[in-house]
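In order of appearance the chains are A, B and C, and numbering begins at 1 in each one.
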Amino acid sequence: MEGIAVTLPKNSAIEGARAAGRVLAGRSSALIRNEWYVAAFSDEIGRSLLRRTLLDTPLVLFRSLEGRPIALDNRCPHRSYPLSSGLLDGDSLVCGYHGLRFDLNGDCIELPAVPKCPRGVGVRSYPLIETGPVCWIWLGKPDLADPSNIPRLDWMASEDWTGGGGYYLLQGSYVSLHENLLDTSHLSFLHARTIGSPDYVKAPTRIEINGGRFALNRLVCPTRLPSAMGTLTGFHDRGDIARAVRNEFISPGLYEATTRLYDPHADETTRPEYTIRAAHMPSPETQTSTHYFIRVARNFAQSDGQSVAAMVSNLMTAFEEDVVALALQEQMQQQAGGDLFELSFPSDELTVVMRRYLKSRIDAERVDPGVNPAQV
Amino acid sequence: MEGIAVTLPKNSAIEGARAAGRVLAGRSSALIRNEWYVAAFSDEIGRSLLRRTLLDTPLVLFRSLEGRPIALDNRCPHRSYPLSSGLLDGDSLVCGYHGLRFDLNGDCIELPAVPKCPRGVGVRSYPLIETGPVCWIWLGKPDLADPSNIPRLDWMASEDWTGGGGYYLLQGSYVSLHENLLDTSHLSFLHARTIGSPDYVKAPTRIEINGGRFALNRLVCPTRLPSAMGTLTGFHDRGDIARAVRNEFISPGLYEATTRLYDPHADETTRPEYTIRAAHMPSPETQTSTHYFIRVARNFAQSDGQSVAAMVSNLMTAFEEDVVALALQEQMQQQAGGDLFELSFPSDELTVVMRRYLKSRIDAERVDPGVNPAQV
Amino acid sequence: MEGIAVTLPKNSAIEGARAAGRVLAGRSSALIRNEWYVAAFSDEIGRSLLRRTLLDTPLVLFRSLEGRPIALDNRCPHRSYPLSSGLLDGDSLVCGYHGLRFDLNGDCIELPAVPKCPRGVGVRSYPLIETGPVCWIWLGKPDLADPSNIPRLDWMASEDWTGGGGYYLLQGSYVSLHENLLDTSHLSFLHARTIGSPDYVKAPTRIEINGGRFALNRLVCPTRLPSAMGTLTGFHDRGDIARAVRNEFISPGLYEATTRLYDPHADETTRPEYTIRAAHMPSPETQTSTHYFIRVARNFAQSDGQSVAAMVSNLMTAFEEDVVALALQEQMQQQAGGDLFELSFPSDELTVVMRRYLKSRIDAERVDPGVNPAQV
């Protein structure tokens, strides 16, 4: 019948894909609690009360008089009023409804309507550690909170690195964001007009798997840099440049991307190398929405403010393309409902390993909420 | 570890709070049907069709030719078109879809597409009684509807009392509204800028429990009145005034607050007393949304229209603070989901008794939908 | 008790109505898949990608280089990105995320990140047949797709018929739309100001039931035409005109209405007859939302463009009244929830038969997804 060729489902592997999906973290997986996540940029937290939900937990964030960042449960345990709608009075937080007063530890120290405040009333406080431009929070088992495990990136706080950053409330899962960050083959398509080039997807890659860390190394060479990168480096009229990229999943709350741009024909010991770094910090708000914190920086021409701003702007434009795409992906996954399956290919090897790792962390917490991530 | 003091949950009493909560009415309790509720202000009901949902029941409200307020089910039993989108033709209501015609009793008296209207077709009508500025409706067991049980407040219709009123569609439970009205200790906090004063919360109170009525009496004395009340009474430069307040839960659909302002040093028999009254009338739309009708009035300087308007405006501003706060409370309770618990303190004694009473009414109706409230 | 007459439920037949409703298709019935539905107007489909959901199935629609209309699943089977957000490159559709390339059959022919595209990967394609101004799609069992079963209306593509059309995304069930179209007694009420007249509902009707086709014939005579029809025909000052209407349910995706206006006193063989036709094409988006495609045309004064436009405008205004009404109906049905019942009367005989037929189609598909509609 001309014009009505009926195409049968192509994927005899649909059931296989469904089964495979069940061992991968995804949009309907529980959230990992025993982990450090960025709660806010440091300069977001001050003497105004900041309301934010992380891992489904409503929080209020602020600084003590001496400047220490504080995170408390936002729900007053008396009648559920959000403490973030109250006021900060010195080092105590006063509920805006009935005036319950909490100290920096979350202990209730005054209950105005009763003569003597009962003991043992309060809200949870959470470890909140400032490291340079970001504050990290621990929402997991309290006795596992170890600040030495915060996945720091020293360059973020270093004066040798200049840049900027941004924030999106992504309407999608943090898992899809990590997958997006680790599988950069999409640069040739989703980012064709910003940071991608057609040859990017075909360039050779090398995978590293190291416990709960996963890295993809890619060398695109020779290549013609995307326009903005060409301008940045002065390589805009060259088609024989090297672009070496390393993308690393460091933790469920941190991902680092390093791009080195150089002339492969120049002397290796003396040639200039232009290095750009990005820290991507996904912090789940809920299973299907994610606080997406970003810092980008470079270690060259630090004093050229206009060029720094152009670089940040170019990168943020690209990351916004991801935010839009992942929200569309989430919509389609949601619409598919129980019929959802997704096929993975050899090029997905690393992201599949990463998602399987996330799933193992989730499963381990379900069995034992106090499980130590290092033991998974 | 400096700066990361891990605060354990303070509330060993969380489980206790949860258990206690189960015997109190709240946002997820069923609604009480065997009760009179305000359906509308009298002047809202006229010859235009008013669509309103009360106790999850979609209604159409209007007046007969002779001025009687009428309440009928809004859903046409034929094809579910809202009768409120039809038209009023004399004393019959004509469905806007297929023209079914209903009389004031809700009986279908014409079905244009068939020669003879079948008997026994119609919509329910509900008792709707006008008392002064409000109309009361009975949505419970029909044979229990007794207008003599309507909780009237005579001052609302009296010429000795001058004032005004307002309406909010509160995005929260009527239970939380009653609790808000009965536990006025929040005036020192939520209403600090409108009708509260810092000493209000500490003033002595006396509780009255009388069957299904609950009252809190509070004497704030000596006190400095909030600015608007100071202007109203001429006591604005005095710090030694008496503010005597009585808040009474009269029924699930009516709450009355009376405030008396006077100079306690003046002769008790001759001193002027400035009395302000408010009727708060919560009518559940659904479990978590509430029609909130308000009337306020005073029995002094009735002809000073500008001052009356200023008083009404000041009070309505304060009540809007409640509406905003209770919507925030509802959001937080909803977000907490099954993990919700709320702690009660000695200052909550009366509201807890009131909520336990509401719960007993709900439970009694579940066992016997025709239960008489007086027997609960 | 004066003024509070308590009306008991009128409908001892409520339980009967509920039981009767269970054998009728309605807003919560599954959708019929083994059927041809209009997917789009032909001029909506071109070289831009059109995103549309039909029968809960997300689709992308476009035309091949040679102009053939194509319908594919919109969800990329790799990571769920909507293909409609990708780009059309000649006769292939390129996913905007990772660049998977699909041919017109939905077969994946390139997977840029892997050297060799695996076989058997792809998305479903669906038969999409252009017939005049509309394109019909088959989303059912593929081997049952037979274009000769497309319920064509030849006049839609004929030059003898001039008119126009329109589209609504109806927030209601396609069942309620068919019911609306088949039971035109509502013209006297819902369309009183556009295409109805008071006598319409009382005019004699004749029912035809022919397998899965259902028609209502109505002769309104003598009648005074609604204003716009009077102007159209020159019968505006006559009260003795004949309006003969035939409404036919042709399939779950097609409904035809034919209106003949004439002077019944004139010679039957020579009198002019003004015939207006409408094709109503409901295509379920979900159970409770419907793509509503409309074409209207007439076979007289085809060159009088202004008058044609006025006719189309008048009819579209009337159909918009239906769209608003059916959305209100859907809201009321949804609010009634499990308590929903609807009474049917002798005048509903034909729509009840039609809805019972739809239900039998649905039930037959549930038992055997490959059931042939002709055998139901």
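Assume contacts are C-beta pairs under 8 Å (C-beta built on N, C-alpha and C of every residue); 3 or more make two chains touch, one makes a residue touch a chain.
Source: prediction; values computed, not measured.
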Q | Partner chains shared by subunit A and subunit B (touch criterion as defined above) | A | C
**Q.** Equivalent interface positions on subunit A and subunit C, same or different at half
**A.** different
Q.
Roughly how far is subunit A from subunit C, centre to centre by C-alpha average, rounded to an integer in Å?
A. 46
Q: Could you check subunit C for residues that touch two or more other chains and list them?
A: none
Q: Could you pull out which subunit B residues touch subunit A in their complex?
A: 1, 3-13, 17, 176, 179, 183, 185-186, 188-190, 201-202, 325, 328-329, 331-333, 335-336, 340-347
Q: Under the touch definition given earlier, write down the residues of subunit B that touch subunit C in their complex.
A: 53, 56, 58, 68, 74-75, 77-82, 85-86, 94-99, 105-108, 111-114, 118, 120-129, 138, 142-143, 145-147
